[in-house]
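If you scroll down you'll find the structure; I have some questions about it.
Each chain carries a letter (A, B, C, D and E) given by its place in the written order, and its residues are counted from 1.
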């Protein structure tokens, strides 16, 4: 019995440890974001001062709100487009037997391992060529390089597991492939769509390099770039307070999303993601 | 009439209407994705590879001239008869960055796997508040890299960083350490941050694998009287191996490409400079666009080779068992 | 016309820029938009190169670092003719640094040079004067540091500077080397001079500071980290740029009114002079701009005497026009500017002119060698020898 | 009204030949059941008829028209799957209406009428607004059948529709399918199962498949009483027919065979005189064996196992052959393990198969 | 040698009460089968005995020792799971040896001997080096049993071990389990199934569970012939016993009941005189019904459905009650759909249950 209690306590200690390590940096960022001036340079474990100046200055100066809007728009459109393209593509990849299928799948996997750096300049040429430089479309377009392979991959594995009979029933009912995808499979794929959509959203929301390169005005930039651009009052000053406030602002929506979809993420991965 | 005719009609080889329709639909479905991928990935990559065989510089991309493998390896014989090798393949800085990357990737992936496994095991257990813990675990992973890099840079600051403060209080160190500056600790710092940030994802993937192990196997083991630790080594581990292998390769590819974290945290430290950072430096900072392209191409090649070798050696099964 | 100017300047600097642009807009009827950039100069530089390489016509005017001129020259408009009338007012050395192959690629906007910040109160307390040589600095720093620590200020250090491996270390190290008579890495004629005993000695001396009078973390410090230590009252001396002056006197600063600045120390040998790395920013017009005429007009406007004065008074930026150092208004509102003239007179340029497009790599190799040395990775002599070899190889037939 | 004609139907997956040439004539309105061991190709054949797989060789005609190339939806067929294959996100109503909605040319009221009619027949009207997951297995299967009815097909295809149901439901649904068939006299039904009871009770004719070949086609009782060969004989009936090697003693009238290790027996079969001395197989169903009370017996041996099933008792008698002989006897017969019994059977129940397993026709 | 004693065993999951107090005495060497409808708690009870779940209330004794708290591995039990639960990454040999290897105290040769013995018994020696996925379902199940045998347990627990197998294999494996039981006389076996045939053929005693309660315990034939209540009566036997509401006309000697809509019948049951006029339920098994030839009949009605099963024929007769009466008649009786038949039965087969479904004992 004692042994049981010890085991139980040890287990909960472990859990607490894991949780603390996970959230401490974010917690610390939050505390820091409420400090200003020299107080920033003092180490506190508990919130001592509570000032919203950092938030105020982040939100009012510059175009941070606008950037938030950009990020939201771009990430949403990226998710929408990649899901749209990926759903149809993954149907083809998982449900139709044709020659070259495995090769295609492998190619898509290969694309997902491109170093971003390697394609930056070529992408930039394309962006210029299409005349979408410094528009959200440049980012939407370039983000496809990482969201698309990923969504196709996950959705393909997921769709492979959908029962074949349902598809055949639809075929017998006279449904075309398009109808099967949109009206039969799509409604069944919500968990996977939510998971992949969320992951793609996070990836797009967090992207930095392309966002920096393909935009050239405050109005078109996304939040990670905006955070990198946050500056103090003079050249070398790093406005830690503002950065932390901005970081908290960008991260909170994601954390909320993750909290909401926590169960879905796991089940989506279980169903589709990685099945050895 | 029509019946008689169709009776004599030979069976077309192409398969039935259904199959043809489906294959046609498949290609139509694939086309948009393939076009987009070819544009965003294929074309730029080909350009990179092409540039790596030229003498292009950022100021003069159009006038790039084909110079063959010189960016990779060039051999010049001096008048004195001395032979000089030049190029990426003999560049010690490149190899240093390759070594850094490999070292970083191996350590981080191994640590992430071990810790991720632990976390996944904890999350797989039934206990009160599991949902909250699961959500909490995901936070590091949801924080943008650039943000977490800055957060950690702040926490790792030698004077005002809370990490030093904690360690001092715990008596683990006696003087404040400049984590990101010190050649000895810079890599450690980067590793800690990376592990902190990506372990949740790893744990998630492993958890997904764990949940697919049928519960009755554990009951069988219980009846066999197998000690829980033995169960882990002899039953759990072999059974999550496939999921683990896939998770590891995905993380490995990510780690080998690592850029932003190091760029923000310890940009110029030669101990932590990775292949991506090296490539970027040459592409944009130094006037060696072609050389940088060669580095990018090599990076891509190395990734491909590692993946292929890993998949073959590790017998990774991506097809979900079908 | 609608013009776009890209600037890596920050907060207050941007505001002042905007203010000047408003004046410009009013005066000429053009519209100007500012495109801000990350404050990291490396980020800016990579970005600009990419944009220019792709013939980006969206940006008309770039705010450039002093060292970039040779590397961007080809894609920037020659301003020689357009600025014939005013260029003579500026410090010739700065103008020279922006002239590549006889072509003026950028118009000086403001300049920058570091100085030695010291704690008036502490020096007075221990009866010291601001050091003239590095040795003196080390000794004073050590003494005050030790005594202060005994007195209970546990966290105090003697001297903070920028020891992280980045461009700033090149600046710091250039000052150490140059002021000790060790040359300027690559001389104006392209000779690689860095591998010399004086330079090595200078670096060895710095190595001795780390963990002695300087915190070990100094090896990761950039400007801000140094200022952080300084401004919380934890350093006796600091090497930093003028910006720290205003901030150090801010309301919540622990060192408010307790510090002053002097030129950086020099070596102890005969003839050694203090050296301050020349920083500063310039304005250049993109070759791909569709409104070059208006852009040039704007550049001239922004770099004009009146505007530099305004900038000096509002942003404490050091003017590049010589006369302004004697300007009474400036002296009144920003007293440090006239005082910085002294510092500025000792300024040395980084070897960007002779090394041309390869400057960044030279600098990177240099700071790596220095960082290795001061963090105890090999002796200065060895590292410099290796550096010389690297640079020689980099140079090839010519820069 | 739909006749089906299968001529030399073959199917391979890559190199794996699954069907080796199936010929079959199915009359309109017939109820045909495919049975056979697992993996013999029953589902494959059904799916070929449905058009869900390509036919590798041979022709398939429905109503006189070759449909090898035709899309499934145009063949006038409807299919009911083992796992129901209902669209989980649609209500029962929508599940049933989906096909018609897609087909165009049907107005709303017509669709509604058809759906409600089908729902009525199957008594699922109360559930029309539910989702499949809110239904029990039996209800789901009825919805699946309803969906098929709505399509108003000429041919109904069923692939083991009852195997996911529990015993009681299986019986009930089986009876419903039977009634359905009777209520739609013109509609051909093709039904795959591996459950003998289903096959026997539903089929007009049973098609016994084995390893991609047709073993026998005929009405259930015909197959039960006059199996064409050993495979069919052993496949139908539970427990299986007892078989043992024997030698033909004499053919012609009153032929005699001698099971190895037993006494010669006179059988009622047309065995040619020339077959005398040939190896053959002798068979008798467990339910046709009785405990001999008059000393006359085919087999004698010790009872190995006694299984009491309530209404009947199975005894496993060791007669010296590798496998025990099973007999199904009334449960009021008192027999214990270890007893020695003599088993006999009426002569007309005895069957003899030649060397190749082909039955000698009974007289 | 292991007696099991269950006393007031209760089990709840949170607020859900699954077992409501089970009392059971199991003698060493007995073969006990738990049957009951799905969800009635069979598996739960088995898992309580195994120690895989905590007992909420009550005591469980094995061999006189209370084992409520004991770890599964120390209870001397072995368990065979429905889904086999083999370790997929270990060979058959390792699967069987795993428990012993880890238990220490057994040297290699001893383990080897035990594994090979078990493999021999189950005839899986040729597969010892294979992985589970390379085996068929039946072979896998034998490995699972082998693994249990190696543990040399006092109590064998089986949870629906055959339900994943096909019909033929099920019969074969059932017989093997039967033999296994005979070859290990001292070992108690507890077996969960929902298959009646398995229950009837394997059990020494059957425990019928319903909604977490024991309905009846007894030898198979006892339960079949003398069900304690309506539930047990209807649960055993296929097709189920025909039941219909009736009224007790008179009790005492030669009691008479009158099924609704039929003539009064004399039954052989101990119905108290006081019960006269009470509502009751009358039941008769399909296999006990015969076509009446002498005009004397219990039920009369039109034949609705005729299902020929080969050896027997099922007829569904509409007698005016909501459900048709099913009768199992010999297949040589010629009856067609629509015929009117009279059904009779021997009096000793008729059963009567009181208002609460409790059987009036038969005389």
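We adopt the following convention: a contact is a pair of C-beta atoms (placed from the backbone, for glycine too) under 8 Å apart; a residue touches a chain by one contact, two chains touch by 3 or more.
For clarity, every value in this text was computed on a predicted model and none was experimentally measured.
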Those chains that touch chain E and also touch chain B are D
Chain C reached from chain A - shortest hop count over touching chains: 1
Shared touching partners of chain C and chain D are A, B
Decide which interface, A-B or B-C, involves more C-beta pairs in contact, and give its chain pair. A-B
Based on the averaged CA atom positions, which chain is farthest from chain E? C
Centroid from C-alpha atoms only, then distance chain B to chain D, rounded to Å. What do you get? 56
Can you check how far apart chain D and chain E are, centre to centre, with Cα atoms defining each centre and the answer in Å? 27
Hunt down the residues of chain B that sit against at least two other chains at once, touch-wise. 18, 21, 61, 159-160, 280, 283, 289
Tell me, which residues of chain C touch at least two other chains? 47, 50, 53-54, 228, 232
Each pair of chains that touches is included here, namely A-B, A-C, A-D, B-C, B-D, B-E, D-E
Per the contact definition, I'd like the list of chain B residues that touch chain E in the complex. 214, 216-217, 219-227, 230, 234-235, 238-239
Chain D contact footprint on chain A (complex, rising order): 163, 165-166, 168-175, 179, 184, 187-188
Can you name the residues of chain B that touch chain C in the complex? 57-61, 157-160, 175-183, 266-270, 280-281, 283-289
Within the complex, which stretch of chain E touches chain B? 47, 50-52, 71-74, 77-79, 81, 83, 85-89, 98-99, 102-103, 147, 151
Contact set on chain D toward chain E in their complex: 38, 166-168, 171, 175, 178-179, 194-197, 200-201, 220-221, 224, 236-240, 285, 287, 305, 307-311, 314, 316, 328, 331
